């Protein structure tokens, strides 16, 4: 039942998301011995205006 | 002040969401004795491409 | 696959948590038509010092 | 490395979000002594239909 | 109703947490015009072994 | 800046957590091309009494 939530700057295509879900699931299975069927992965697309570091959103960084 | 966050595959209509918020709030009130006014429920719509189990997103399951 | 996360001020006993998980799952099943087996509920106990409203933690409210 | 996630009813403009990220980062830096560069802030826009209190979504409140 | 969740490496004392809740609430009030009473802040203490960057937990960094 | 949060039934030892953080970070780097330094992984230990599926906490499953 491991649950994985991944926040990403929006814009990855469907194939990248598919591979991300597959490879992160594999990593969880290898290290925790949970069977793949009980591993859930949820992705969250975050707009650049809504993700900041150092006090500045990525939409305003160069 | 119980806080409830519910992630769902996207596509539920507004009336289903309204009933989900109402019935989950009732369940929290009945079991915790918190008054309804302090119960918050936030729903998160997740696209099928962004939710995987067993390493595969729901957009690719049959 | 609905996923429910509930944050609560810490201190509920195991039986209250058991009923909370059961009744919230029922509410999700009734309103979304998801089968109970795919509903996950995770509870988070939060100390009173770590939950604030109006700028003040519950540990300092009367 | 403090990580801040803020859920808001959707509809704030980009400049409000920019100031929110900047001022919350400053508040975290002042109180925890973490350097600004390691503070992450992620905003989540929530539709009024998806945020309920007292069992009722904000889209149905007057 | 803004909701703020802040994850921190564990070990801050109660007074630091109190000031963090107060100052982050003020920053949200100033920038969003929400009244302080509707701002919720929840802190999450994370052990150093459970927070990694660059693939390494903070418990193993020098 | 991908951010990964993983909830697990509590009880994994420090070495398992170390490998989980390392291998999940590698999986994110391989599939998103983000450099490892900007990948954050946070683990959440959840007691069996606080994680339910099918309406029943794991503490009561056989």
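Which chain is which? They are A, B, C, D, E and F, in the order written, and residues in each are numbered from 1.
Note that contacts are C-beta pairs under 8 Å (C-beta built on N, C-alpha and C of every residue); 3 or more make two chains touch, one makes a residue touch a chain.
It should be emphasised that the depicted structure is a prediction, and the values quoted were computed from it without experimental measurement.
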{"item": "Other chains in touch with both chain C and chain E", "value": "B, F"}
{"item": "Contact distance in steps, from chain E to chain F", "value": "1"}
{"item": "Self-contact between copies chain A and chain D, residue sets same or different by half", "value": "different"}
{"item": "Repeat of the C-E interface, chosen from B-E, D-F or E-F (over half of contact pairs identical by residue number)", "value": "E-F"}
{"item": "Copy-to-copy rotation for chain C and chain D - C-alpha atoms, rounded to a multiple of 5°", "value": "180"}
{"item": "Contact-richer chain pair (by C-beta pairs counted) among D-F and A-B", "value": "A-B"}
{"item": "Centre-of-Cα separation between chain F and chain A, whole angstrom", "value": "12"}
{"item": "Centre-of-Cα separation between chain C and chain A, whole angstrom", "value": "24"}
{"item": "Intercentroid distance (Cα basis), chain F paired with chain C, Å", "value": "20"}
{"item": "Where chain C touches two or more other chains at once, by residue number", "value": "1, 3, 7, 26, 40, 42, 51, 53"}
{"item": "Pairs of chains in contact (touch as defined earlier), listed by label", "value": "A-B, A-C, A-D, A-F, B-C, B-D, B-E, C-E, C-F, D-E, D-F, E-F"}
{"item": "Touching residues on chain C, where the partner in the complex is chain B", "value": "1-9, 12, 16, 19-20, 23-24, 26-28, 30-32, 51, 53, 58"}
{"item": "Residues of chain C defined as touching chain F within the complex", "value": "14, 17-18, 21-22, 25-26, 36-37, 39-45"}
{"item": "Residue ranges of chain C in contact with chain E within the complex", "value": "7, 46, 49-57, 59-60"}
{"item": "Interfacial residue positions of chain D with respect to chain F in the complex", "value": "1, 3, 40, 42"}
